[in-house]
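The following pair of complexes shares a single chain, chain A, combined with chain B in the former and chain C in the latter.
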Partner chain A sequence: MSDIKALLAQFDEISGNPRKMLGEYLANGEKVIGCFPVYTPQPLVTAAGLVPIGLWGGQVNPQVSGKYSPIFTCSILHSCLEYGMSGAYQGLSAALMPILCDTFRGTSAAWRAGVKDIPLIVFIHPQNRKDPGALDYMIEEYKSVKTALEKIAGKEITNRALANALTLYNKRNAAMREFCALANEHLDLITPVARHHVMKAVTFLKPEKAVEMVGELNKALKDQPVCKWTGKKVILTGITAEPDDLLVSFTENKVAVVGDDLAQESRQYRTDYPSANSALESLALQWLEIRGCSLAHDDNNTTRGKMLVELAERTGADGVVLCMMRFCDIEEYDQPYVIKMLQEAGLLAFSVDIDQSTTDSGQARTKIQAFAEN
Partner chain B sequence: MFAVGIDIGSTASKAAVITEDGVIASKAIVPIGTGTVGPARVFAEALDRAGIARSDVKWITATGYGRFSFEGINDQKSELSCHAKGISHLLPQVRTIIDIGGQDIKVMRINEKGTLVNFVMNDKCAAGTGRFLDTMAKVLDVSVMDLSGLSQRAEEPAEISSTCTVFAESEVISKLAGNVKLENIVAGIHKSVAKRVASLVQRCGIEQQVAMSGGVALNKGLVHSLEEEIHSRIYVHEDCQLAGALGAALYAWDHLQPA
Partner chain C sequence: MSETTPMKKPKRPLPKSRVMTNELMDSVYAAAFDAEAKGEPVGWSTSIFPQELCETFGVPILYPENNAAGVAARHDSPRFIAQSEGELGYSNDICSYARLSIGMAHMIATDPNYERPALAMPRPTFLLCATNSCFELLKWYECLSRELNIPIFLQDCLYNYYEEEPASHKVKYARSQLEHNIKRMEEFFGKKFDWDKFLEIQKISNENSRLYDEIVLMNDRDPAPMNGFDLFNYMAPMVVARGKKETTAILLQLKKEIEENIAKGVSTFGSTPQDYRVDWEGIACWPNLGYNLKTMKKYGINCVTNGYVGAWSLKYTPGNLDEMGSQYMQSSTNVNSTLTTMGRRADCASHFQCDGMLCHVNRSCKFMTYHMFVGREIVEEKAKIPVASFDGDQADPTIFNEAQFETRVQSLVDIMKQNKEAKR
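After this line comes the complex of A and B, so read on.
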C-alpha cells in the first residue's frame, strides 16, 4: 500500500512538473523534442536517440501569445504558444506539430513568428483515410519528419531502430491499458486525479521509463484486494479533463472515473503499431487504424458513440461526461451525435467546459453534483 | 419540527419552510443574492412568516450558486436537482424544465419521480441569461419588471442578431439611435434570448409537458417568445421563482422522515 502511495506521488510530481523533467533531460546532455498533441510519431524521436516530451500547455493566463493568437484559440494551443514565447520551453531542440485542425494551422504560423529559438517540424495526417493513397501520403509525411529529426540527432534512423521503438511503444500502450483495467478494481486508491496524473505523466516520460514505472504500479495494484465501489461511475470523453479541481469534484461527490476517451489519455494508448512491411509503414498504418476519435475523420459518425456505449457497458459506468475544450470546433461537432447515442443507450450524458486559463470550475461542479444526486 | 430550503442565487435569495406533515408553511424572496445579506434576510423572513424560531428548524438544505457559503446548513444540493424536485412537486405532469437564472440557463428532463434523466446548461456565457436581460433593461433605462409588458405591446420585434451580451448591448444602442420603438426592441431582445434558450432545449430534447422555473418565468413576454421558438406550450406556476428553494426544502424534509 505504501508502495502505491509512493509510486502515485512520483506520477503526481512528474505530471505537475514537465519543466523539471525537461531540465533533467537537458542536464543529462540529451536532446529533447516537444511533441504537440496528439498522434505525433514519437517512435521516430526515440529511434533517433532523442527524448520526446508532450506539450500540453498548462494553467496560465496568456499574456504575450495574444500578439499572434486570437482569443478564440483553444487553451491548449494558446498556452503552448504562451510557454513557447515566454521561454518556458527553452532547451527543446525542436517541436513536432501535427496539423489536425484549423487551430493548429494558425498556431504553426504564430509559433514560427513568435518562438524563434525552437524550430517547428510540421506534418499533416491525411483525413481521407480510406483513400488508397492515404498510406503513401502518411509515409511521405513521416519521411520528412524523419529527415528533420536525423539532422538534429546527427544520425540516421534505421529500420531496425524504428522497429525496436515501435515494439517499445506498443509495450507502453499495453501497460497503460492494463493500468486502466486495474484502476477500475481499485477505485478507492486510484482517484480521478491519481488516474489522470498517471496518464499525463507518461507523456513526459521516455517510453522505457514509462513501461518500468507503470509496470511497477500495476504490479503493486494487483497485490491489493479488489475494492467494491458503491458510488457512481463515469467515463470521460474529449480532449483533456483538467484542471485537477474538476476531477476533485468527482471525488467529492463519490463519483469514480472508470474509463476515458480523452486525447490526453487513453486515445494515445489504445491503437498499437500494427505489423507491416517496414517499420515506417507500421508507423503510418497506425493512423489509418485509429477509430472513434474526433481528430481522425470517420465517414461513420456513430463510431465514437458506439465505442463509448460499449465502454460504459464493460465498465458499468452510469454516465459519460463530455469534457468540452472551449473553442474546439472538432469536439463540438461530434457532441450532438455522441450525446444522442449515449442517451439512447440510457446513459446520463452531460458536458463540462474545459478551459486551462481559468480556475473556476463552479458550473462543472454543479453538474457533477447533480449527476451524483440523481 | 420544520424543514427549510434556501436557494442562494447570484441575483436573488429564496427560502421555503415545510412542516413535519409536508405542508408548505412559508415562502420568501429577497432580491439580492450570494455575497450579500440576502441569504440571511430571506432565511429570517421565511421563519418569521411561518411563525417559528430557529430552534424549531430540524434540517436546512441549501442550493444555488451560493450554497457552499451559508452558515448553519445541514447539507447542500445542486440547483439542478432542487429545481427538478421543486417543479415536480408543483407541476407533476412536467417532464421538461427550463430555468433561466441570473448567470446560467438550465434545461432539465425529469421522470415521473422528479429525478433528472438529462440536463444541459449553458457554459460560462451570459448570453440568454437573467444577467443579459438586466443589462439590456439598463441600456433601455427601464426596469426589468417592465420588459414583459413592453414586449407584449410590440408590433414587430426588432432583429437583435448578436448573442454576445456586449455586442447585443451596442446593437440595442444603435437601434435606439435609429428611433426603433422601445417595445419592438424589447420584443427583439426576448426573441434573441428565446433563440439561445431554444438551442439548449433542442440539445436536451423536449418531452411534454414543459415548464419554466426561476424568476425570469414571470416575464410573460419572454415566455411567449420561447413558446414560439420551441413550438410548445410552457407552463408557469405562480411559485416558479421558488422552485429551487422548494426542492431544497423537500430534500430537507426527506431527512425528517423515519428511515
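After this line comes the complex of A and C, so read on.
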C-alpha cells in the first residue's frame, strides 16, 4: 500500500510540474520538443533522440495572448499561447502542432507572431481517411516532420530507430490500458484525481520512463485485494477533465471514474501503431485507425456515441460526463448527439464546463452532486 | 396616410444584371425542388466544394451557407437558430450558419408542415463538404448527416501553413479525392461521369472566375463605379452556379453596366460623395447589411473592395485535375496562412487606394478573426492604412450593436481624415 501511495505521489508531482520536468531535461543537456494536443507523431521525436513533452496549457488567466487570440479561443489553446508568449515554454527546441480545427489554424498564426523563440513544426492530418490517397499523403506529411526533427537532432531518423520507438510506444499504450483496467479494481486507491495524474504525467515522461513507472504501479496494484466499489461510477469524455477541484468533487460525492474518452487521457493510448511495410507507414496508419474521436472524421457518424455506450456497459458505469472545453467547437458539435445517444441507452449523461481561465468549478460541482444524489 | 408622414422614397429599379441573378437563383432552387418531387438526388453543399462534379452529373445542388445568408438578410434566422440552440441542444458558440441550417434541416426532417422561409430548401439526399472555408464545416456536415441520415462526399482541403503552393503530396491527395468522389458519385447517382461535359463545365467555371475578377478590379477607379457592397449580391451566382452559362451572361451584363457607369461618370454608390475608400474585411453582417451601408454612406465611405467576395474565383487549366485540386486547396482566405491572406489584403487595399480597412469580427468565423487580430499589424505596416474592427455576426442578429458600429466607423473616419489632411 505504501508503495502505491509513494508511486502515486510521483505521478502527482510530475503531472503538476511540467515546467520542472522540462527544466530537468534541459539541465541534462537534452533537446525537448513540445507536443500540442492531440495526435503528434511522438515516436519520431523519440527516434530522433529528442524528448517529447505534452503541451496542455494550464489554469491561467490569460494576460498577454489576447493581443493575437480572440476571447472565444478554446481554453486550452489560449493558455498554451499564453505560456508560449510569457516564456513558460522557454527552452523548447520546437513545438509540434497538428492542425485539427480552426483554432489550431489561428493559433499557428498567433504563435508565429507572438512566440519568436520556439519554432513551430506544423503538420496536417488527412480527414478524408477512407480516401485511397490518405495513407500516402500522411506518410509524406510525416516525412516533412521527420526532416524538421532531424535538423534539430543533427542526425538521421532510421527506419530501425523509428520501428523501435513504435514498439516502445505500443508498450506504453499497453501499460496505460492495463492501468485503466486495474484502476477499476481499486477504485478506493485510484481516485479520479489520482487516475488523472497518472494519465497526464505520462504525457510529460519519456516513453521508456512511462513504461517503467506505470509498470511498477500496475504491479503494486495487482498485489492489492480487489475493492468492491459501492458508490456510483462515471465515464469522462471530452478534451480534458481539469482542474483537480472538479475531480475532487467526484470523490466527495462517492463517484468513481471508471473509464474515459478524454483527448488528454485514453485517446492518447487506445490506438496502437499497427504492423506495416515500414515504420513510417505504421506511424501513418495509426491515424487512419483512430475511432470515436471528435477530431478525426469518421464516415460512421455515431461511432463515438456507440463506443461510449459500450464502454459504460463494460465498466458498469451509471453515467457519462461530457467535459466541455470552453469554446471548443469541435466538441460542441458532437455534444448534442452524444448526450442524446447516451440518454437513449438509459445512462445519465450531462455536460460540465471546462475552463482553464478560472479555478471556479462551482457549477460543475453542483451537477456532480445532483448526479450522485439521483 | 397622415400629412406629416414622410413619403417613402420610391425604390430604384434593379439593374438588369440583378434581375438576371434573381431569375437564375429562382431557377436553381426550382430545379432542386423539382428533383425532390421526382425522388431524384438533391445535394446540399459547402460553398467551395468542387461544384464541377455535380454540375457534370446534372444533379441539383443548393448551398446552406448561401441560403443562410439569404434567410438572415431577410431577418428570418432567429427561429432556426433557436431550434438548434433549444430543442437540439447546440451551443451558441458554434457558427450561426450551422445553427441555422441544422435547425432548418431538423424542421424539414420532422415536420412536413413547418413554416417555410422565403428561401426554402428541399430535403437533400446527400451532402458535399470541402474543408477549405473552415474546419467547422466538417463538424457541421457531420451533424447534418446524422440529422438527415445521408452520406457525405468529402473533399478535404488542407490548410496552407506555409506561404507557398501546396506541396506535391498534398496535390496528389486532392486529386485522389476528386477521382474517388467521382467514382462514389457514379455509384450513388447510378450514372456514368461524362468527362467531355466535365471539361466544358471546367471551361465555363474558369471563364466565370476570370470575368468575376475583372469586374471586381473595375472598382479600383476613383470614384468607384460600384458601391462595393453590390459585390455581395453577385456572389450568389458564383457560389451557386459557377459552372453555368447563365452566370457568364450575368457577369457580362454586369460588366457592361459598370462600363456604362464609368462612361457616364456615375456610380451605384449614388450621388453621395465618396470621401473615403475602405477595404471591408470579412463576411457581410447579413442581418445588419442595411444599417452598415446607411451608416457608411453617412460618412461618405464606399467599401470599394473586400477579400471575401473573391473566394469563388478559382482558376486552373481545364482538364488538369492536379491544378483543379490544388486550386480548391487554396481557396478561400481561411485555408491560407495569415501572412498569405493578410499580405494579399494589404496589397489589395493599396491597389484600390484604400484609406482604411474595416474588419467585421464575425463571431461565427473563428479563423477569420485570428487573421484580423494577427494580420492587423501586417496591414498597417504594409499598406500604411488604419484598421478598425467591430463585432458582428453573419446570421445571428444578437451580436451586432449599432452604436458600437457607428463609433468604430467614426474613429476610423477621424484617422482617415487626419491622414488625408496630412497629405495635402
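Methods note: the second predicted complex is superposed on the first by the 374 of 374 C-alpha atoms of A that agree within 3 Å, B and C clash if a C-alpha of one lies under 4 Å from a C-alpha of the other, contacts with A are read in each partner's own complex, and residues count from 1 in each chain.
Please note the rule applied: a contact is a pair of C-beta atoms (placed from the backbone, for glycine too) under 8 Å apart; a residue touches a chain by one contact, two chains touch by 3 or more.
No experiment lies behind these values; they were computed from the predicted model shown.
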Touching partner for A:Glu141 - first (chain B), second (chain C), both, neither: second
Touched partner set for A:Asp131, first chain B, second chain C, both or neither: second
First, second, both or neither for A:Pro336, with chain B first and chain C second: both
Touching partner for A:Asp223 - first (chain B), second (chain C), both, neither: neither
Contacts of A:Thr366 with chain B and chain C, given as first, second, both or neither: first
Partner chain in contact with A:Val122 - chain B first, chain C second, else both or neither: second
Which superposed partner A:Leu348 touches (first chain B, second chain C, both, neither): first
First (chain B), second (chain C), both or neither touched by A:Asn374: first
Residue contacts on chain A - larger count, chain B or chain C: C
Chain B and chain C contact sites that coincide on chain A, given as residue numbers: 336, 339
Residues of chain A touching chain B in the complex: 324, 326, 336, 339, 343, 348-353, 355, 358, 360, 362-363, 366-367, 369-370, 373-374
Chain B to chain A touching residues, read off their complex: 65, 77-81, 84, 104, 115-121, 123-124, 203, 205
Chain A partner contacts - residues on chain C that touch it in the complex: 88-91, 93-95, 98, 131, 134-136, 138-140, 142-143, 145-146, 151-152, 154-156, 158-159, 161-162, 167, 169-170, 172-173, 175-177, 180, 334, 337-339, 361, 363, 366-367, 369-371, 373-375, 377
Residue numbers on chain A that touch chain C, as the complex places them: 67-70, 72-73, 99-103, 105-110, 112-113, 122, 124, 126-128, 131-134, 136-137, 140-141, 144, 294, 297, 299, 301-302, 327, 329-330, 332-337, 339-340
